[in-house]
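Chain lettering (A, B, C, D and E) follows the sequence in which the chains are written, and residue indices restart at 1 in each chain.
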Amino acid sequence: MQRIGVFVCWCGSNIAGTVDVHKVAEALKSEPGVVIATQYQYMCSEAGQTLIKDAIRDHKLTGIVVCSCSPRMHEATFRKTAAAAGLNPYMVEIANIREQCSWIHKDMEVGTEKAIILGRAAIAKVHLNAPLVAGESPVVKRALVIGGGIAGIQTALDIADAGFPVDIVETKPTIGGKMAQIDKTFPTLDCAACILTPKMVDAAQHDKINIYAYSEVAEVKGFVGNFSVKIKQKARMVDPVKCTGCGLCVEKCPMKKVPNEFNLGMDKRSAIYIPFAQAVPKVATIDPTACLKMKTGKCGLCATVCEAGAIDYTQQDSFIEEKYGAIVVATGYNPINLDQFDEFAYNQSPDVVTSLEFERLTNAAGPTAGTLLRPSDGKHPHTLVFVQCVGSRCDGAEKGKSYCSKICCMYTAKHAMLCREKYPDTEVYVFYIDVRTPGKNFDEFYRRAVEEYGVKYIKGMVGKVAPQADGSLLVQASDLIEGEQLKIKADMVVLAAAIEPDQSARPLATMLTASMDTNDFFTEAHPKLRPVESPTAGVFLSGCCQGPKDIPETVSQASGAAAKVIGLLVKDSLTCNPCVAHSDELMCNGCSACEKVCPYGAITYQDKEFRMPDRTTAIRRVASVNPAVCQGCGACTVACPSGAMDLNGFSNSQIMAEVDAICK
Amino acid sequence: MKQIKLDSIQSLFKALSATRTLYLPVDTPAGADFKKYEDGVLWSGALNTNRSAKDFFFPQTENMMDFKVEGKTIEIIEPIRPDEDFVVFGVRACDARSFELLDKVFLCDPVDTYYKNRREHGVIVTVCCNKPAETCFCTNFGIDPTAPGGDVACWQDADTLYLQANTEAGEALLQSAADVLAEADDSAADGVKETVKAIMAKLPIQNLDLSAFTEDNLLNLFGSEQWKKLSEACLGCGTCTFVCPTCQCYDIKDFDTGHGIQRFRCWDSCMYSEFTRCAHGNPRLSQVERFRQRFMHKLVYFPANNNGDFSCVGCGRCLAKCPISMNIVKVIKALGGANE
Amino acid sequence: MQEAMMRRAKELLADGTVNRVLGWQKGEFAYDHTPAVFDSADQLEQFVYDDFTAANLSKYLVKETKQEGKILAFLKPCDTYSLNQLTKEHRVNRDKVYVVGIGCEGKADVEKIKALGIDGILGIKAEGDNFVVETLYGNQTVAKTDVLAERCVVCKSRKLMTYDEILGEDGEVINSNRFDMVEKLENMTADERFAFWQNELSRCIRCNACRNVCPACTCEKCVFDNVNSGIANTAAADSFEEKMFHVIRAFHVAGRCTDCGECSRVCPQGIPLHLLNRKFIKDINELYGEYQAGEDTDSKGPLTNFTYDDCEPSIVHERGVE
Amino acid sequence: MNVQETLIPKLGVVTDVRIDTPDVKTFRVNALDGGKVFDHMPGQCAMLSIPGVGEAMFSITSSPTNTEFMEFSIKKCGCLTNWLHQMEVGQQITIRGPYGNGFPVDTEFKGKDLVFVAGGIGLAPLRSVINYVRDNRADYGTVDIVYGSRSMDDLVDYKEIIDEWCKEEGINVYLTIDREQEGWDGHVGFVPNYVKELGFDTNKTVIICGPPIMIKFTLAGLIELGFDKTQVYTTMELKMKCGVGKCGRCNIGAKYVCKDGPVFRCDQLDEMPNEY
Amino acid sequence: MQVEKKEFKPTIVAFCCNWCSYAGADLSGTNRLNYPANVKIIRVPCSCRVNPMFVLRAFQRGADGVIICGCHPGDCHYTTGNYYARRRMTLLFSMLDFLGIERDRTRLEWVSAAEGAKFAKTMNEFVEAVTKLGENKRLEDLRCKKQ
């Protein structure tokens, strides 16, 4: 039985105007456990708080109920008051008799009666309150960034500049990501490499940044402030420390017929390779599926020519374990596979290319050294057709994505414009559903493409691209504005393929217990207010893994995520919300229902030995809640059939006691 | 002996229900159960009801008293005890015997006044079982369904019901329905009795060897290895206890109604894991122990305290209703022979 | 079949694959077989398998897989759904069970035989499509289909969902009309539905047989047994409590119930409890897409899942009869 | 007496609360109009209840010879006892009883030398007998009391023991605690061992109450000393609901603890199944 | 003499999530938007904290209507809580309907922190609907009725 004090606030006339506060205090005095019930003009005032503090001490109160304004207003105030008087702050309950009573009811009798009932409910609840102590968990002052594209690099640089060590894990042999493959950037037409590579170098040279290239995250354990991550370093067959990146091995490698993924397979590379000239780390990598030595055991030429002695054919995948306080996901995107879009003849003609391939074809470091040539015959194309929304905004269709890929309108305008600028003899058509240009200088950019560069924008969809015997492509399309069917004989067709999250995102999300939407984009903690955080505490989102975005947006989100990470890492420890779920291990079935509904991944299972009722011991699978991660929503408490899961501060019995008090 | 034609049996029910509440077995969507007689309610032809007739004297839940608690003071409000006279018609011999067994528990010192009060207000009309089932084994406990007992015993042939008062209350009851009853020869029901006796002789569960179940053998039986195997499939539900006419364990609980505390008692089952749990532990932690308790109670403990009377009447309800078909007959057969 | 099963059980015991066998033991009568664990070939002489071995054995595996060694379990198709669900919920260690799946053509319900007015059953022999029932009052012949258990009449699947080997023929998922009764109730007026359930549930004696037999109800401690839960009760003191018990129980197994029908089979008062579970299954199928609990061991159950465009609860107003 | 008087409780009021140990309090209970709620014999029990919280059986700690009030020494171990421990003077409770057989103080014990062996809260039921014997001193022989607890602070009724029992002629008090403790210069060690060390004359009658494990080892020690089980009495505790042998809960074999017990002679226990 | 019939005032329990609906209720107070006093609010962290047990408990203890309010789908403070609540309550309400309990006794409504007016309107509508149904008879516990 608690010793409860009830404090009814007048709030001037705000409450006392329609609630007879004296009567409320008088009525609540006879409730079980109430040892003092009093009223005062302003409970939140210095004098009011003193009254509460004195009562706590004088009457040895174990719980207090304040009948006043909304707990959203002054719950924190009165908790502090209680704490100051030596009472656990979670032994305070507020009965909201202002916003939810005096302000909505005009009749004194009605308001008073309701206030008494609300007071009773709060008393019934406080009877079952238990003192709660906020736990603390230490923060490891190191961040992990997963993905080394522009998003990851920017996040890492910002965190590192604030003085915290950062590791970047990149699955490719080099960082740089998609931006490294891009030629120019809209709307300014800067050279992508010119602005990206310095950042890559900055990252590489930053004493707080450590890059694990050609590596993957293998396992994530722990929680905010204290993640433990296992990183798999894939075998490169080249010692990255010894390798000087001289490129001699690449030159001498006899196996030179490997499709070059950096150029999207449009040219070949050798079995030992450095993806591109500005790669970071600039270290060679042996492709074991192509290397003659690895496949047949015969060759070993690279080892012979390597002066640094960096080649090591026996190298194995290795694992590193590291602790982090925060994890940033920056896994980026890929264009979708176009196998399902047969109407565009992508698989039938080499002259039908994706926009990213087109980037490589116009890039000075690309397979054609920057000259726009048709992949099929290396001739200069004259008529180019750009098709927008290939796989984007396919609502209801069985193929493609329902969302807008966001960047296609602008890069297509860029491609079309560059085409016309470099090769004025070309005719450039762009087929679109809508042109979406909501960004700084975006619409101006698009209008320049149309007005200054004479790109022919046609609202309509391409129905079919048919390769012709003469090597040309017959594009059949409809012009929705003119209402006519068009047939265009094109030399090249460029498809603005939809973008989708990288394949690695889904398994990573599982490891991180971070939630994803149906398109495999990571969900943010709040779509408006917490767009750079995952609902899983300590996991942050940067770049296209959260949704399609262009470079400036990516960079700003990257910096945003970095700011959040820094905000976390500057703390020495995290104070946990004590109103979290907890599992009664004796009743837990280990069925995983709670784990499945937890948005934060706060619930884990372990096999524990128990003494069973029949005097035997048994190993049982039981849930445990990490109070540092749990946010206290209570979803698990209802998912749990046995009632083993309960929520501090809002326990089953507390809520039922309130129900009982209200209904009686 | 009195008689009435079956086709005018409704007039008997009307007459009986005129002065008191009449309960009789009525068909429900699944089996028969005792229901209050109202116009047009038909007497079920079923051999036995799903629930036993013990409800009438020992209902599943019964309000014992109320409390008003205010501050430090308590007020005890005694319940209003039902004072309505009632008659239960159609009780079988086995259930009729169960009342005698319940009496031994509830009417021994100190008397349970709740039970006693109901018992004093009830009149029992039994009916001879014309078509015993394979699950019937009442004869093992000395019950003769052709002499079903109660305040009034009845026999039924193809078209007539014969009634014989056994007690003063029974006489009074028949008197109250004298208008619809005709006189009958005392031997009128002998034919029915003979037929039933002949059928009884063919019942599959007869001559159960109960000789092992004595107080002397208590520790032997208690320690038997058989319990583990017998109880292995037991689900720990309370079906057997709740359909049993002689199970009488109860719980006393308080319920906060929001405007007072109601103290009620309700059936409880020794098969339930919570039955003996208390603040400092539980002496019967496993289902084996609980299962053993139930059968030891029926076959050994109860007889030890009650002149050797077994606390089973062979009604066969547990045989028919146990979800896993484990029952007292299987237990008797397993243990009866196993011990000297 | 019984012979084949006994033979196989003895083989598997002999070669050490398993050390125990979960099956059924011969009863007192022709129809009252008890689930049992056999640990020797000798004991297996008591093994029985026929039209009356109806109990779903999967729940026993919760307890049994905590013991040493592997156990052989003979499971009917509906039992395998339960086992899958239990495996999914980590209640049963699937590695410690050797499942011999047995084809099933449906089980007979002795209550249905009795309901035909056949009393004093001394023996039941299967002869082709019929049962010859020997009784105290003479022999009678009934068609098997007439006494098929209700749950088997509307059987949803005769396909084994998980097994290590099969004895007999594996069947198919059946497009059954198991929701007919639920639909019939849905089409009644609210008053009629209330009257129907009032009549059914008022017979409940809170014996907990439905809960204790249910393979989805394997809680370490049921909320209704836990004095601290605030809703614990042993016997219903008011008609509200039966409703509370059955609604909450149905809710706790919603999305997990495999519709094995054990609850209705064991109810001593013959309450069609499976209709409550089936109502949830029907709702889930209609509102959230077809879902059959026990079909697999890794899918997310409908109540631990959602989509952004799920219907609102107000849909209740738009369906069925007010 | 019928159940109307036993199942329906009487009202009592707490007139004094004494803190004995950190988890044991002794409550003095009177009828609402003063005096005792009912009379009882040593070793008998009563059902105490707070409506809405619960009802449980407690042994009556005070002696029947005390005509003014009853006392209950209650250890905090569950929902109801937690609640009872929060009670203040003036709190009403419901009480029904007396239940059980009690100790055979007027028959078997008469004229005998008595040895009381208690551990922890196990002193509660024995205190009633001890004080009864003290008040009828002439009827009994010598009295030895062996009482042990985990620590000095856990000795119930320490004050009464020191101030009254120890000072009384013909009563020998032997106190012991489980482990060495500052401020304690008495015996240290477990009760069963201490009993063996003391080695009582085997014609005495022994009354034991305490944790089951203590009873078990003390009994074994007594038998070693040459005692017969018929000379040893103990008192049991099980879950009880009705107190009148009808609710079916507290049976050990064919005996109901609430009615046939709680006091049993140790040879009787041998005839009962080991289910307690 | 005319017997004055006491006007039926239903007891309504409203479970409101802390972040949206409870704030919405506060706002309707701040804006002095009237709704009947028989609505009593219980604050829960999220609509997904509402256990079907609580709803039944309320009816048992004498509530005539139970309403659950949470953040709009997509706005849940805990991102997904209200989606679970939506499924749970849909199934619960459907089951209660199946048992013949009046549909208008239960309701789930999404009310944001800005929707003070919607909160008041919803409560007014709900109280009106429940008043029309009269006393809760089908899910009552006779013991809890006021004598």
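FYI, contacts are C-beta pairs under 8 Å (C-beta built on N, C-alpha and C of every residue); 3 or more make two chains touch, one makes a residue touch a chain.
These numbers come from a predicted model, not from an experiment.
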item: Length of the shortest touching-chain route, subunit C through to subunit D; value: 2
item: B-D or B-E, whichever has more C-beta pairs in contact; value: B-D
item: Identity of the chain that, by mean CA position, is farthest from subunit E; value: D
item: Most centrally placed chain, judged by C-alpha centres; value: C
item: Euclidean distance of C-alpha centroids - subunit A vs subunit E, Å; value: 35
item: Length of the line joining the C-alpha centres of subunit A and subunit D, rounded to whole Å; value: 66
item: Residues of subunit C engaged with two or more neighbouring chains; value: 223, 227, 230, 237, 303-305, 307-308
item: Residue numbers of subunit A (touch at least two other chains); value: 597, 639, 652, 656, 660, 663-664
item: Overlap residues in subunit B, where contacts from two or more other chains coincide; value: 69, 251, 255-256, 258-259, 268, 273, 282
item: Contacting residues of subunit A [partner subunit E, same complex]; value: 70-72, 96, 98-101, 103-107, 110-111, 113-114, 117-118, 121, 515, 523, 525-527, 535, 579, 597, 599, 631-635, 637-639, 647, 650, 652, 655-656, 658-660, 662-664
item: In the complex with subunit E, residue positions of subunit B that touch it; value: 255, 257-259, 262
item: List of subunit C residues in touch with subunit A within their complex; value: 66, 89-91, 218-223, 226, 228-230, 252-253, 300-301, 303-305, 307-308
item: Contact footprint of subunit B on subunit E as seen in their complex; value: 61-62, 143-144, 146-147
item: Contact footprint of subunit D on subunit B as seen in their complex; value: 64-65, 67, 69, 72-74, 76, 78, 105-106, 109-114, 116, 215, 218-219, 222-223, 248-252, 254, 256, 261, 263, 265, 268, 270, 275-280, 282-284, 289, 293, 296-297, 300-302, 304-305
